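Letters are used for the chains, namely A, B, C, D, E and F, taken in the order the chains are written, and counting of residues starts over at 1 for each.
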Amino acid sequence: MLSDHKKGETYSIYLLIKAAEKRTTSKGSPYIRLTLTDRSGEIQANLWDASDQDVEKYIAGRVAYLTVLQDEYQSKAQLKIQEIRLANDSEPGDPSLYEISSPISKKDLQSQVSDLLFQITNPTWNRIVRNVLNKYADKYYDYPAAEKLHHAYRGGLAFHSLSIAKLAIKVAELYPQINLSLLLSGALLHDIGKTVELSGPVGTEYTNEGQLLGHIVIGDEILVESAEELGFDLHSEDMLLLRHLIISHHNKLEFGSPIPPRELEAYVLSKLDDLDAHIQMITAALNKTERGHFSEKIFGADNQPYYRSNADLPQNHD
Amino acid sequence: MLSDHKKGETYSIYLLIKAAEKRTTSKGSPYIRLTLTDRSGEIQANLWDASDQDVEKYIAGRVAYLTVLQDEYQSKAQLKIQEIRLANDSEPGDPSLYEISSPISKKDLQSQVSDLLFQITNPTWNRIVRNVLNKYADKYYDYPAAEKLHHAYRGGLAFHSLSIAKLAIKVAELYPQINLSLLLSGALLHDIGKTVELSGPVGTEYTNEGQLLGHIVIGDEILVESAEELGFDLHSEDMLLLRHLIISHHNKLEFGSPIPPRELEAYVLSKLDDLDAHIQMITAALNKTERGHFSEKIFGADNQPYYRSNADLPQNHD
Amino acid sequence: MLSDHKKGETYSIYLLIKAAEKRTTSKGSPYIRLTLTDRSGEIQANLWDASDQDVEKYIAGRVAYLTVLQDEYQSKAQLKIQEIRLANDSEPGDPSLYEISSPISKKDLQSQVSDLLFQITNPTWNRIVRNVLNKYADKYYDYPAAEKLHHAYRGGLAFHSLSIAKLAIKVAELYPQINLSLLLSGALLHDIGKTVELSGPVGTEYTNEGQLLGHIVIGDEILVESAEELGFDLHSEDMLLLRHLIISHHNKLEFGSPIPPRELEAYVLSKLDDLDAHIQMITAALNKTERGHFSEKIFGADNQPYYRSNADLPQNHD
Amino acid sequence: MLSDHKKGETYSIYLLIKAAEKRTTSKGSPYIRLTLTDRSGEIQANLWDASDQDVEKYIAGRVAYLTVLQDEYQSKAQLKIQEIRLANDSEPGDPSLYEISSPISKKDLQSQVSDLLFQITNPTWNRIVRNVLNKYADKYYDYPAAEKLHHAYRGGLAFHSLSIAKLAIKVAELYPQINLSLLLSGALLHDIGKTVELSGPVGTEYTNEGQLLGHIVIGDEILVESAEELGFDLHSEDMLLLRHLIISHHNKLEFGSPIPPRELEAYVLSKLDDLDAHIQMITAALNKTERGHFSEKIFGADNQPYYRSNADLPQNHD
Amino acid sequence: MLSDHKKGETYSIYLLIKAAEKRTTSKGSPYIRLTLTDRSGEIQANLWDASDQDVEKYIAGRVAYLTVLQDEYQSKAQLKIQEIRLANDSEPGDPSLYEISSPISKKDLQSQVSDLLFQITNPTWNRIVRNVLNKYADKYYDYPAAEKLHHAYRGGLAFHSLSIAKLAIKVAELYPQINLSLLLSGALLHDIGKTVELSGPVGTEYTNEGQLLGHIVIGDEILVESAEELGFDLHSEDMLLLRHLIISHHNKLEFGSPIPPRELEAYVLSKLDDLDAHIQMITAALNKTERGHFSEKIFGADNQPYYRSNADLPQNHD
Amino acid sequence: MLSDHKKGETYSIYLLIKAAEKRTTSKGSPYIRLTLTDRSGEIQANLWDASDQDVEKYIAGRVAYLTVLQDEYQSKAQLKIQEIRLANDSEPGDPSLYEISSPISKKDLQSQVSDLLFQITNPTWNRIVRNVLNKYADKYYDYPAAEKLHHAYRGGLAFHSLSIAKLAIKVAELYPQINLSLLLSGALLHDIGKTVELSGPVGTEYTNEGQLLGHIVIGDEILVESAEELGFDLHSEDMLLLRHLIISHHNKLEFGSPIPPRELEAYVLSKLDDLDAHIQMITAALNKTERGHFSEKIFGADNQPYYRSNADLPQNHD
């Protein structure tokens, strides 16, 4: 695994080509900029003096076997390729073996979400959530939660939504004034617009719809259409509240919510969304950091470096 | 007319009671706080030692005949009531004679808007605009454009939209790269959500829908539903562009647009909206200011006072 | 109870005088501005034409029996006093019967905190927390968590700290990478400096120390002194981490943390602190709001009004 | 023309050398960084292994004939030079054939400005504008409107001023309360200080005066001196108003206006200035963008990318 | 003296009427709002049931003899008038006996400024400063430095300028790289525009010129005109530097400088201006504060309250 | 000296290696990035094709003799190494000959600080300052005042503290209301926490303590411990005031002070700290700038370029 190696080491490894871009050096000789990945991380490498055959051979989606020297360029790790060939038939060549993806399998994501639906006891919200998740199931369990920053991997959207839903249940245990049906519905659907805003789980980019409307407006559109289909009154309190949770979940206008939270569950949803995203980003950065040192500055966490302590964690619970 | 009188004057006048609220002095005696209006403006007055009959008689919607001393309280004009009675049958008692409203009559607003529609040559936008304006006609020509600040009078919504449309035509004459069909469609529909966000032309308040969704999201919902009705593809470029104009017309995220303008006509619409609103606010403040002096600070115009010059305007055009 | 009455009602009631200030009307006659309270809320009333005896009699800490008309002044409820006398010996005159205080009794607060200490398995943190809570026990279970805004009542400091600790346990169940010992220690001690920053549970004001140092610096001072007493190395990782949680718990420099969170548990603590405070403020505002309406703007919650829905809460859990 | 070619193409072309800077590679070999231009745009190229003769030959102001491969470096287009020689006498070697400049010829700019002066009916403003434009004519019709960002080409200053003046006439047709004489005077003179702030039409830089005083203060100085010459009272209302328009045209203090607009025409001028500059920047960016795609982020337009639609423009007017 | 009395005291005192405004109570009876002053401070009082004779008698500029009860209204001191009459001929009736003014007499201000001029050894700056101070002498030694906030008294402008000049000399003793001639010139002239921006030493208001141009632009105009008179080249380095010091002395664009400091002495001037203004504001607030307590929040000092310590000052120097 | 040479010159020079980092080119060949310094400045150079011996030989702390061509890379000066060898025994090889350090010798810093202590006449503050300076003497006279930006050299901490103390004495001469004992104590101790926040005078980095606590909290800890040692009451006014000066010396919360200045001397200290740091930064930038030109943008001075005038300084004082 990539994460087992350090700067200065020479080693051989199977890696998935995630992206391959043909480039030319300033002096005019062609090379390929490869983005290589396995489940432990992602790294760049340049294949110098690339022939036309190389360009055809080393393309996104293929698995290659490389001998490399691990180096650093502008304080990011980089590989110097010493040898490279494609994996042959007897070698582990299935791309899904190398892709970073949700820590929970697609099947488990689906069954855990299904189980949660029973806790949405309000019939309007229950039917809306089921209707939307059915229509968007393919993308919901496949898309990342963001282009980069956090949960940027296959299944990240469902995994992140589910994590917030679990937090919602925990928090509602302490604050009985919270309407759990509403909060769970919001947790599961808040980012549904990302299935249209983003292009897909691989090579994720913003779509034209995404750039012109944004996932908040698209999410509201999905609720409006679902209500139409189910014959619900768009201006009933139930619909107003659920739509409000979706559109206010970025908490502040300057973060893209056209209306700030003005309802208890909307406030709580916006904060649990933020909390889960930050814990994920900080944990990811700490996993790449030596004990007793600070991580790189984490762009999404106020651009602060985070400290990884020397202490082994006690067993929190048995 | 109210605007003909000054602080210190005693005079008699017919005024419409716009609001009447029963209150008690700190010492416990009852009085009525009256908001009185004619077409030239609005003013407060207290009817002291009000009897139960007074409370029944002087209510919103009635026209009264008053003898008053014009005074000032906390630097706002106020009337001291010396005599008051309701207008009798032979006197001008029709409330519409006293209401501030659009400088253009409803009929003219309607015909001018109708004429403009012919300049929307793109069939998708033309049909959407016609469909929406038909469905919301009652409110569109009746509602104010805002709760206070600017165009806060009956018909203000249509009048403001029409003004922007006229500006759009002028500006497109100078910049042929502007798609006038799109810009006109945006100009006419950008505030359509206010027909749901606000409660109506009189005693205007935010509705629950307004506070939980805002007129930008409601406006987008109206477009989504209209496209459904007309069988248009929501993700066609035509629909994306028109929806983008609506949702980005506040220009910046911190002003409530979930997405900033990312299209030429969207940028221009947001700026013409701003320009018309400011000219209206500044003009309204200057109309209450003596020549050679500064107006009150105008809240909506960066809280600046504006200077009214001594110069008579030359005839701009013949 | 105060909360049982509405504007316009006349009724008799026992209330605690929380504050009594002698004033003079603009015309020179003396009156007393009374702040009156019972467990359901707080209200203002003026006692007009107050004699010298009245001034001596109606002072903070006494319980009075009043006949009043409930009115409104500048959109705040206010009482017009029709009759007033002090409660006599046979009447309920114990101030503690009228004071707003923590929803959990002092005894329960203490025993719940004691139980939590066993989950702090790191011996350094365990001993520091015990040492500090012992030394500051009197104030810790008695002080409010703030001068106003949230948990501004007797016992509020311990109640708020305990709520965050309970949230910490819930959240750590979902994220095993969290060091619960550290997070619990921070939850219990983060506001310990308020025992010096604030003057006490009643008539709470900032002390000179509070205004010149602030509770964050005072909290750090308390940890420094406790470490001295216990012979712990101030620059050991354990001490650095716990001190970091205290000083970074306002999350951003502009909110008064001299250093932002740079450690996972510090980040989580700052967010749970915020979450509990907001839920408390929003809930308090909604409790005073009619169903289907919006609350007053909540200063501490981005100055937004919050909507109270019509829906009865389902039973969240059995 | 440069704009007819794409990445990956090899082609021959005449280009003007706008700048030529001698550099050394990290390994010590000399090369020339060329900035090349024709009327359709501007591009960078490096001439590797440059001899001393090359350095003397390929200098700013010369026209060269090149055979090039169009490539990209850090997502900007760049040329790889395959062959280069100077244009010979029989080839198109006049630099003015290659320079980007105002879409309107200098002569037309002058005659259109002259025509506009008749619409400035106030004699003070008319004489001031004529006096200033006479004195600064050479630079006014030659300078760019900015160092980069917008109208950064020969004649840009006059072209931008004229565009605003045309907008002013259009807007005043809709709002008769606007003093067109004043607004036109401000439109024509608002950036007059740039004739001193900037160094000239080619290789435009800020002068020392420009950096120490800025074009707003310099513009006011020019008005003060013109008023002296013409014997006008600096503190007459006419002079105050015109000076106010110049100094407030950046609209906000943080954009460099020492006083914000406090006069109707000053507000309108600041907004039309902004509108014209943005339309020019957005249009320039879209001209380099494929239909159905987004442009690069436009620094001067809130750093947003702009969408170029697929639609052909209808004929706006005949 | 006013400052010798406290809330609750009844006493007799001579005071100057600084302002007298006729008003009407909400019930319609006339009264006069008096602003009364002596050298120790300023206070408000209402003269109830004022007759027409009272209105003629008690006007700004007259000295009155009053018997009063000192009270408080909205936490500001206020006098309740028990008796009032004008001072008679044998009593101290000269207004200048009661006016707050510069701690240094006008004559001393003038001679200290004169002495400083010899330290401006650069002939250009020396002549400019002399020329400007001669022309504006009447106002320079008479005007306040601000409408309110700091040095808001007769002679405040010269006193504040002189204080900065004295600071400049001290600071230049420690940093020999500072050009003292330039810094002193800037110190003496930086606020010269206030002689036009403000209306005068009494009842100070902003003039129309002040509101439309601001003292920074007016100050630059004064330098431009002085250079014309003296035949100096406006674009010589000497003039550029001095003008830069004037226009940049508010330090940041958002505080009204069209250009920020870009020259060492300009930076230092902006900071010494700020330092002197703050020390004056803080000292003024502390003088009204009891030892061991905090002052009111000081608007101009980041709205913070300041602590007045119990300690007697040691003798700083002999 | 480095500062005697210009771009384009070839010369030989002794320089201290301040840092040496092994790197690899994009093509894989090893080189050493050297940071070289003498008392006049610091510069980068790459030693290409470095052998393993080179890597062992050219390390931080050694003095080398180089023949170099001075060049520029990304508008920063850089050396191209033509020859390099270590200084031999007969050559000037003592690193202290090459290090940039305080303009005042360590001995003089110590004696000047000692002299100042006599002006701290308050016994509490005098003893605290002596106690702390004794304990931290080694680091106080050796550490820089910052990692970069200003006074980033050996002895910078004491030199900067002393400069502020000298400013304090000058300013207190003009404002007798200033408590000089307090202000001097604050000046000398305000940055004492940097002795723990930073790693030392060479290769200065933030320590873990520094990143988790910051020098403001560490400085307060040092005062708390010193008070303990000396038996002073931490909550006496004397201690509160001195602690307040330390914690508020960054002036605003967003700059890292948990409490803003709320005491006259605290305000003055924060401003003198700022003034000295800026004068040092601006002077350092101007020393590298030609007369009549602007410096690079100075990051710590609002990112502005500063102008170096042509004028020779007059003798400020004799």
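Just so it is clear, a residue touches a chain if its C-beta (ideal position, glycine included) is under 8 Å from a C-beta of that chain, and two chains touch if they have at least 3 such contacts.
Only a predicted model underlies this, so the values are computations on that prediction, with no experimental measurement involved.
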{"item": "Those chains which touch chain C and also touch chain A", "value": "B, F"}
{"item": "Lowest number of touching-chain links that must be crossed from chain B to chain F", "value": "2"}
{"item": "Selected from E-F, D-E or D-F, interface repeating A-C by over half of its contact pairs", "value": "E-F"}
{"item": "Self-contact between copies chain D and chain F, residue sets same or different by half", "value": "different"}
{"item": "D-E or A-D, whichever has more C-beta pairs in contact", "value": "D-E"}
{"item": "Inter-chain centre distance, chain B versus chain E - centres from mean C-alpha coordinates, in Å", "value": "44"}
{"item": "Multi-partner residues of chain B (each touching 2 or more other chains)", "value": "208, 211-212, 241, 244, 262-263, 292, 294, 305, 307"}
{"item": "Pairwise chain contacts, counting only pairs that touch as defined", "value": "A-B, A-C, A-D, A-F, B-C, B-D, B-E, C-E, C-F, D-E, D-F, E-F"}
{"item": "Residue ranges of chain D touching chain F (in the complex, touch as defined)", "value": "24, 26-28, 208, 211-212"}
{"item": "Of all residues in chain D, those that touch chain E in their complex", "value": "196, 208-209, 211-214, 216-217, 220-221, 224-225, 228, 234-235, 240-241, 243-244, 247, 253-259, 262-263"}
{"item": "Chain D residues touching chain B - in the complex, by the definition given at the top", "value": "121-122, 163, 166-167, 170-181, 237-238, 241, 244, 252, 260-264, 267-268, 271, 274-275, 278-279, 282-283, 286, 292, 294, 301-302, 304-307, 309-311, 313-314, 316-317"}
{"item": "Residue numbers on chain F that touch chain D, as the complex places them", "value": "46, 48, 69, 71, 73, 80, 292, 294, 305, 307"}
